[in-house]
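Everything below concerns the one structure shown next.
Order of writing sets the labels: A, B and C. Residues in every chain begin at 1.
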């Protein structure tokens, strides 16, 4: 991911972001030139000549005229530069506003206070649709339509290296597109102040070659695998009692709608909307100390006995 | 009194009016500023209504098209009230104090009738301010206007009282001009509101 | 002692009230000035304090109160910078941080940025225009009291940990009752409506004052650029403020009465309605808080360049153009909301074009310095620094006007950098420079050159150190309004630099304040015109007497005090020059001259009101009424509305002394 995962001017990774990347550098060059020119003019103007504050009648003052050349030339040059910038900006807008071809894949991202639900619908065969959370996979080299909704307040979907941002407004569906040129993991972040844990509402977009993407999608479509160990079974019972009210695991009775779908939790790179790497230790830490990690989030800190913790951890590890 | 009249008749060529002198009164300009900002306020209310109305996919207004009969009559009542307020100023300029006060009284009564009919209309609606979006918009917009009418009635009452006390004549009556201007504004705003709330549903 | 005449000529019997009289010209001796002082001065003690309508007193009150709010907002910022200096800090909880950044924005944008400019304008307008007071002195006093009460109101819940916490922009539905159930947003909403009253009446006052309270001969092309600035924004405010007042009122109605304006369940149109109403106001507002400050620079910088401003006409027009165009760019705050491509193109273009008038002003300032002979006094340093900061803030704005780039930049620290360059660069720097410039006029003492230089360099270096790195943070993807960040995002260095820089900047402000306090008592005594400046305020003593001008001056150019020494002006005959020591005599009670709007010809003799408690009482009742609404004590609110009505009736009751009614009851004809 690199030194600054959310940067967008060091590297753009797809055609929805690359034209903007070029525009960004062009404008930076332009404004830097303007700042330097103005700074030089200012310094020279100040340093050219000086006089002490005159004391009265003897000192003649200039007439109220002159200097209009400055205005004409200065404003004229500025206007030309602005016009050029405007034209280039409009051309860039044209390139990035819509995908070059009809996107073969559409996903629906719904924002919640402080996590992301991702639906992969299948218009031909609804039984092949699946849902996941916080980690989006897309095939490389393919434009993807992203439909954006919100379940509560206004959030913003932003994965800088792949595209600009779009608000997710409750009650309406916004649309943008993303496309990755090369395989990789691209970080995203909510970019509209949405309450206490706005700072900790990140996501990832994993771009994979088509074959690997199809394999991933097939794996996601399956329900949770069967449970084989007693520990995991105990964990599943615990899950049904204490977690299923909010969370869902497809293929089990757990069908909570208010929290991320955990069917394939263990397959994800990060948890808690991009806050922790996905290890068994971090998973337990999150369950037991959510309010310390993300204060005021809707996930309570659960008190678990050591045995319960082990059981739950075992169960969650089965959710590959 | 005679000296004063003489002074006015003499009117040296380079004399300037002093004080709240008719159209040169500062208060008149101040009232125009108030009208500008209040007009903007009603503009934003009407914008909000239209912006939301054109985006409704469902039945709008929810309880069907607005009835025009009573509200049209009410509009006429309000407009005629303006005429009587204007008449009061004309009578004052001719020092016909009794006619002036009577005229203003009629203007006030018509204003009160408008309020009464509006409240009756409000009562008649099966929905309220909190029932749905349309109710919120309808009652807030007409409510804002009604508040301006009530203020206007108070203004007219004060103007009538001051006229009865003999404050005004053809030379000093700035308050009448200014207060009536506010009242005319309230009337004209009503025309916009009436068009937006009552007439546009038939067109949109 | 017999009542002074209201309007009489020599030889009139007592009790005569002439409705027209000729203007008399002449000079005024010391006895005459003493009479004028008695007529115009405010009573001492608390009585005078509550009832004064003197624009100079009101102006100073605005300035002091605004500076207090600047300090409060600044402390809020410094606390946030302590939290953000390092990743994953625990100085603040998320809720505390959210209240701090919200109140920081509210305080700076509403309680400091415009009021400080209102302070300068209130104090200076009558003096630079050659008048005795604003058009509506009691309304002026009222607008200050409501500002003060609204500021207190807006902070009422903050010490209880219940400050507004949904950002100064307060988007729905985050600010709706569902997601923000406490009193936080109610206080913000009602406080803003109350503050809007102050802003609106102040705006009306400025516009009417400009239309008539000028010295004869001060045609529209001779008024100072500060006046152009404040006039333009006042017209803007009359049309913009109702939008946000309405938005906040509708939000409060939704929250506490149960209306459905911003109900998102029925269609997203309603969430966007808030954004439209808010930004239709808030975008023009950002020009409101900078155009008068640009006017300060346009008027004061030339004094330190020993020559008139280059391009007065274009600068005046560019001021108006910026405000007008400022009304049609609001959607650039909403580029990412999914609006139609045509709207994107239009608003993006307008947002680029609006920088052209700014270019005109920038080159006017640079040309004035280039063609002049700069004098390196403290005000000059602030004004020169301002030009650079103006350009940096302006060009970062041009970058955000490019729609696709805005889709990356918006809601990142790039915007925070941009807005602070324009707000601190274009408002604070001219304000501080303006304070150094006009302090002698306000107080009769000079501020310290030494402390001024130290303050300037601390502020200039600290500001750039603090806020330039924010551009980088934004380009590295740091979003706005986050209370902390992870250590591996690449933002650690820029945040530490910013935190250090902001403390250096704060130190500069502190030195400035120390200078003010020190100079009030120990500064060198100043005469009427210590800077050898050209405009009318420098022709009266420092500080000015309560009546401003003993005789109404007659103005013949933009630079009355320089005329005799300016090339070309000096060649004109004496009768074509300004007259300052000899002019029109107006002394029958509080009187001022009204002139025509464009040409500045004498038009009417205005009777000005005496000091009155009505503005204070009305302001108090209005504020208490809003407090009652916030507490949902409906009966008390109704009673207070009645009290407001009575106060207004008392205030507007026609007075003989103001020639609003006949002195004796009119008889039926």
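Points to keep in mind about this one:
The definition used in the following text is that a contact is a pair of C-beta atoms (placed from the backbone, for glycine too) under 8 Å apart; a residue touches a chain by one contact, two chains touch by 3 or more.
No experiment lies behind these values; they were computed from the predicted model shown.
Judged by the touch criterion defined above, the protein chains link up one after another in an open path, with no loop closing it. Here the chain at the heart of the structure, going by C-alpha means, is C. Chain centres were defined as the mean of their Cα atoms; on that basis the chain farthest from chain B turns out to be A. Rounded to whole angstrom units, the spacing between the C-alpha centres of chain B and chain C is 32. Averaging C-alpha coordinates per chain places the centre of chain A 39 Å away from that of chain C. Centres computed as Cα averages put chain A at a distance of 53 Å from chain B. For chain B, the set of residues touching two or more other chains is empty.
For chain A, residues touching at least two other chains: there are none.
In chain C, 266-267, 269-270 are the positions where the chain touches two or more neighbouring chains simultaneously. Against chain A, the residues of chain C that register as touching in their complex are 93-95, 98, 166-167, 171, 173-174, 179, 264-272, 306-308, 310-312, 314, 336-338, 341, 344-345, 348-349, 352-353, 355-356, 359-360, 362-364, 366-377, 384, 387-388, 391-392, 395-396, 398-399, 401-408, 410-412, 475-486, 488-491, 531-532, 557-559, 562, 564-570. Interface of chain C with chain B (complex): residues 7, 12-13, 16-23, 135-136, 139, 200, 203-204, 207-208, 211-212, 238-243, 245-246, 250, 253-254, 257-261, 263, 266-267, 269-270, 273, 276-277, 280, 594, 602-607, 645, 649, 652, 654, 658-662, 664-669. Only residues 3-9, 17, 19-20, 23-24, 27-28, 30-31, 34-35, 38-39, 41-42, 44-46, 48-57, 59-68, 70-71, 73-75, 78-79, 82, 85-86, 88-90, 92-93, 95-97, 148, 152-154, 156, 158, 160, 163-167, 169-172, 174-175, 189-199, 275, 295-296 of chain A touch chain C when the two sit together in their complex. Residue ranges of chain B in contact with chain C, taken from their complex: 1, 3-4, 7-8, 11-12, 14-21, 24, 26, 29-30, 33-34, 36-38, 40-41, 43-45, 48, 51-52, 55-57, 94-98, 129-130, 132-133, 135-137, 140, 154, 158, 162, 165-169, 171-172, 174-175.
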